[in-house]
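By letter and in written order, the chains are A, B, C and D; residue numbering begins at 1 in each of them.
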Amino acid sequence: MTQPLRIAMIGAGFMGAAHSQGWRVAPRFFDLPLAPEMSVLVGRDIARTRAAADTWGWLESATDWREVIHRSDIDVVDIVTPGDSHAEIAIAALAAGKHVICEKPLANTVDEARRMAEAAAAASASGIRSMVGFTYRRLPATTFARDLVAAGRLGDIRQVRAEYLQDWLSDAEAPLTWRLQKDRAGSGALGDIGAHAVDLTEFMTGQRVTRVAGILETIVAERPVLASSSGLSGSAGTERGSVTVDDLALFTGRLESGALASFEASRFRLGRKNALRIEIAGSLGSLSFDLESPNELQFYDATAPSTEQGFRRILVTEPEHPYVAAWWPTGHMLGYEHGFSHQAKDFVEAVAAGTAATPSFADGLHVQEVLDAVARSSESEGVWTGVDADLAAARAADRAFAAS
Amino acid sequence: MTQPLRIAMIGAGFMGAAHSQGWRVAPRFFDLPLAPEMSVLVGRDIARTRAAADTWGWLESATDWREVIHRSDIDVVDIVTPGDSHAEIAIAALAAGKHVICEKPLANTVDEARRMAEAAAAASASGIRSMVGFTYRRLPATTFARDLVAAGRLGDIRQVRAEYLQDWLSDAEAPLTWRLQKDRAGSGALGDIGAHAVDLTEFMTGQRVTRVAGILETIVAERPVLASSSGLSGSAGTERGSVTVDDLALFTGRLESGALASFEASRFRLGRKNALRIEIAGSLGSLSFDLESPNELQFYDATAPSTEQGFRRILVTEPEHPYVAAWWPTGHMLGYEHGFSHQAKDFVEAVAAGTAATPSFADGLHVQEVLDAVARSSESEGVWTGVDADLAAARAADRAFAAS
Amino acid sequence: MTQPLRIAMIGAGFMGAAHSQGWRVAPRFFDLPLAPEMSVLVGRDIARTRAAADTWGWLESATDWREVIHRSDIDVVDIVTPGDSHAEIAIAALAAGKHVICEKPLANTVDEARRMAEAAAAASASGIRSMVGFTYRRLPATTFARDLVAAGRLGDIRQVRAEYLQDWLSDAEAPLTWRLQKDRAGSGALGDIGAHAVDLTEFMTGQRVTRVAGILETIVAERPVLASSSGLSGSAGTERGSVTVDDLALFTGRLESGALASFEASRFRLGRKNALRIEIAGSLGSLSFDLESPNELQFYDATAPSTEQGFRRILVTEPEHPYVAAWWPTGHMLGYEHGFSHQAKDFVEAVAAGTAATPSFADGLHVQEVLDAVARSSESEGVWTGVDADLAAARAADRAFAAS
Amino acid sequence: MTQPLRIAMIGAGFMGAAHSQGWRVAPRFFDLPLAPEMSVLVGRDIARTRAAADTWGWLESATDWREVIHRSDIDVVDIVTPGDSHAEIAIAALAAGKHVICEKPLANTVDEARRMAEAAAAASASGIRSMVGFTYRRLPATTFARDLVAAGRLGDIRQVRAEYLQDWLSDAEAPLTWRLQKDRAGSGALGDIGAHAVDLTEFMTGQRVTRVAGILETIVAERPVLASSSGLSGSAGTERGSVTVDDLALFTGRLESGALASFEASRFRLGRKNALRIEIAGSLGSLSFDLESPNELQFYDATAPSTEQGFRRILVTEPEHPYVAAWWPTGHMLGYEHGFSHQAKDFVEAVAAGTAATPSFADGLHVQEVLDAVARSSESEGVWTGVDADLAAARAADRAFAAS
């Protein structure tokens, strides 16, 4: 009989539905070493949390996360709250000896993220596992892309282009929600979707971004204030308020090997709905992926005869592809939520095996440091900026590199 | 408190996993009027059925479907066995007063299908619902396509091209499984995948196929006999046996309005994995769909200025699109199994509302009649053949039509 | 100094512009063994022919083709008149000892085509060259596709799908031009564009179509009579006349090897402008081509590892690809008229070398026979019909094949 | 009788073939007010120039451009030499009263370009026309895109992404040709192909780039020295030399309206052969173009109902599209060289009408200034840099902008 792995999920918003689906479905398709049990859902509003728990299939609901993370019948804390609460919850849960999955971004600030990474490192010594939720790593196509790179099929990485394009802010009259206010959201397109572009780049190439140069831009700077925010009720008034986060981020990064990667995160690319795209050009081959066609990978093999080279559209649905054998026959497609099942599977296996889960909190911290360096570059006329927080040292390093 | 709808599923193969996922997930995303309960899984082998029930989340397992369909604590019988047993189980379940979902094809023969349709019609008078499982109707893209046609956006339908292309038989040394033997599988590519092409055509256009002309072909006629079939064990021997079903079907159909539709079902289109494609050309617009890109619909609107016309790639992921609001935000993709959740939802709603479920057994019978007419045409040098079983009358009608 | 090859072109319509561009440009990019000289343009109306000759760059203009083909200073007769005059001109030109290029279709009837093929065969003994103008064979992508098939990269041909889709008749109020009248056009979509689909199939596979079954359809059967046809002037009246040619042809063919090919020629596929598409599925690989992307070839290589298989989009613009080295660097595209330059080049080379030019008049005759067999099948309830004109024998052969 | 316009072309390399084709073909398809006459081809080597003149169809050949530009029987000087000679020839030809077309880049340095623009402006007062050869503006798809933007169909421009991706340097053992040496080529990917991306952006949006920030990179810094350069003959030796130009340029630009555009020019994007791509996102619509599919334009119209929005693939081959009516029917494709015919046509018309030709030398100068600013930014740690040559003033302006 498989031992249970009892989960408490903190947070009951949109991502809660996705994580719930992950936990619910993973054990039905994968033969897991521990049996995930959807034990407690924790939210702020008791009635809404109870309703969500019923809908999503959690056995209990609760409102006090501090109490729940100390329950002896809980093994895993899964954090899907807004970013500004991640640090407090995760650090407390780790201290309570619970394995922790934390939705991305790891935190709203580098300092919080660093404290979380330190806590995770400390807890790791006691066999406590932690993971940050960059689920787009866990699609068959992206994992297979990583495998091709790791196997040397691309040769040396020469260039990367990574972009995450959405358009939901294109309407200039869309209201000023909390997501557009820096004090609550922490960041705009950069942290919300640019983070995925950075993580996917580092995951696929196996290299970290060490320096960046870029610009953050707010395309529509003022928007209608929601009536509820302005003390009125029922509808948006004529009052307008400032958007205090970026809705476009353009930056260039230097990878460890010296290769350049260029990045874009936009909420204004009208017509692009969820286009997380990455193209890696190497010396022997290239890869191209687009989340709007999530079951496909484009692969260019430059070792073929010159007359036969071309980007081939691989349907990543063969049983030999990562994760696929557990699902459907060749040519049957997976969707958005499958990444969450794969995350659940991989985390359960890491816990059972006592091995490190990836991406780690340290990985999540690093992504935050990259984003922070982009913001610093943007504030400094776009100058190249070290991901290392010591700006002066980083600049010196940049100059030395340029002179070499 | 929502009343339960207690389900027994007969059959524990591949389609059982898909139907289970449909029942499991539907109530988590849709607000259903009845609560589906995965009560009993029925299979032939007791141990394997019990294991499947555990994996898939059925409360009980059983081996005697006749007993189960008479249990008073069962409301719905969901049939996912091979086609040759559909008629017996479905007719008995309807007689026992159970609602029935039957996986396609409705049956292996027109006679069986006709008896099933008659039983369903009779049961309907007592409020018993039945449905055949053409789940590809229930993707947001295909349903939205149907809606556009129904709204007149294509004008008069001028032509249809429908094809279902796979390649899993391309290897001539692939073994002679039961699927390639007529006595057990009933039919080859025609019934297995051609049926979907016919159903999707009728669903989207709202018209039935009335006459057909075509050919059934077996491209690789002999294959290695499986060791287990030939009394040996461990591996395929040198013995070869005959493939007795088609692996390619090419046919043309006449729709009710007089428009022609051309069809192909192939298991030898190397490189095409699961390409159920349909393109409908009308007088005002055209539509194109490919199951290998299941979240997309190509729409050509000929009422736009001539310089601006073009097939537009609609991501059918907006909340206003069919089924989508229950799932994820714009641009987040659904996969193969979502059709089964939509089927579960629609069936539950029909049962609760006391309305007819579609596609009905009569729809399923009609598809079988079309396929049967193709087989008859193929045996008669490809001559145009009425879907109506009375071949002589149909031929007379064809001649009259040709002369008009 | 390169010897001249003096050309007379008979016909001054749309195809005349294309052939002129072919003759004009070919010697500027290819190093030809003879120098094509655009000597005489022959048309019906003297003033318009002279204007066309000036525009297109012919040295002289004339109106009496019979005289021109006997001129001693003419080496080649290039026929671009409507199909009903091809036989008379070509046979006379061959008799006069001139090399002949004849635009497709070779003729409007099989009888005419047969007489032309016989005349070409006879003239060949005297070193006279002839060619029918299926220029789509002469794109780098289609020629390279043929080369891949011939090199065995597809293994055994299992299936072919060939279609030529246009939409210029979609408007039901488009007028009844001569192209829609059988006595003048000979045929509709079948002969005009279906001929290309048949030729490309035979060219790429290296196999002939031996039997067919199909249907010809007239989707819009009555159209407004042009004012000029009805004795009025200035605009279309309210009079309507019958369309006497097909605007849709659907047929299936049996290739020499036994493989099936399915064909469609349509002028009603709304949104498809010039989609001559062919997909060949073999035992080791597949190819797909679409004239709307004329510089691309999709190639699927099933000998690659299963995880890496996919249709690859080859840009057929490498110097090693057929015809390409003469033109522009990699990635620079060719257009419609380049096929005519390639035709000119290949014809000049055949004349200079004294070798047979392809496609021959016999090839053109064969295509006409295939189309004729489709028409006979359509008139016979769609029954399988031998391309051989002896219907009874062909049917016997069909039955024997079916029984084998 | 149409008056002749007598042309002398200076330069006999690859671009000479393209310009020759433009002059040769344009009057055959367009009804021009003056008749271009291919009078004199000027090259360095007399024998090779004479051969090229024969091949391309120039009446005379010559080696002394200074003499030719003063001939009274020459009206137009078309310059297709390497960039370092453009200024001297163009300024002299303008001074001699000749109309001038100069291939891009206008010059190798901003100073040269500025002197050319001044000379063109001065000559313009005497009715002398000049144009720089950004022919990619003159494809039907790019011109139609400009028209859609100008008509307001995109609303406000929010963002631009422009990239020109090639891969011909991917082989690290490709030799060190003159194109990779700064003293001869002036610049690498930036000037060669990045110039097109900048020009197309400015052409389509109707806005100039005012500030830039970016980096120039040399991915493979040492390459084999060609034997001929090192005094040996026959093959490449073991000697290696430094690549002194960029092979990758990544930069961001600020448009006049304030919108950001991001750019990439790369010769290392393995698998991309000639991918000049531009995507413009506006408030009401978006456009996307890729030179690897040169007859297509993707248009997204956000004023359509939300369920029907999608990028539509417009085949820009309708007679109502720019330039198309002169060529072939709908759906028949144009190729690379058609841009040169359109350039010839537009230039001839401007000369005949006495109107300004575009893009002007001033436009070409501006592009050079943008590229120069990118180089300066790259040398200054990527800081935002004004296109205006006065760096201090530009930086002040940047700071003021950032503070606003």
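The working rule: a residue touches a chain if its C-beta (ideal position, glycine included) is under 8 Å from a C-beta of that chain, and two chains touch if they have at least 3 such contacts.
In UniProt terms the chains read A, B, C, D = Oxidoreductase.
Predicted model only: the values in this text are computed from it and were never measured.
Asks: Taking CA centroids for every chain, report which one is farthest away from chain A (Oxidoreductase).
Replies: Between chain A (Oxidoreductase) and every other chain, the largest centroid distance is to C.
Asks: Taking contacts as defined above, which has more of them, A-C or A-D?
Replies: More contacting C-beta pairs are found at A-D.
Asks: For chain A (Oxidoreductase) and chain C (Oxidoreductase), what's the span in angstrom between their mean Cα positions?
Replies: Centre-to-centre distance between chain A (Oxidoreductase) and chain C (Oxidoreductase): 55 Å.
Asks: Taking each chain's centre as the mean position of its Cα atoms, how many Å separate chain A (Oxidoreductase) from chain D (Oxidoreductase)?
Replies: 40
Asks: Give me the residues of chain B (Oxidoreductase) that touch two or more other chains.
Replies: 300, 309-311, 315
Asks: Spell out the part of chain D (Oxidoreductase) that touches chain B (Oxidoreductase) in their complex, as residue ranges.
Replies: 144, 299-301, 306-316, 318, 320-321
Asks: Sort out for me which residues of chain D (Oxidoreductase) touch chain C (Oxidoreductase) in the complex.
Replies: 14, 17-18, 20-21, 24-25, 28-29, 55-57, 166, 168, 273-275, 291-294, 315, 317, 327-338
Asks: In their shared complex, at which residues does chain D (Oxidoreductase) touch chain A (Oxidoreductase)?
Replies: Residues 158-159, 161, 167, 170, 172, 213-215, 217, 219, 248, 250, 252, 259-260, 262, 264, 266, 268-272, 279, 281-283, 285-286, 300, 302, 309-311, 377, 381-384, 395, 398-399, 402.
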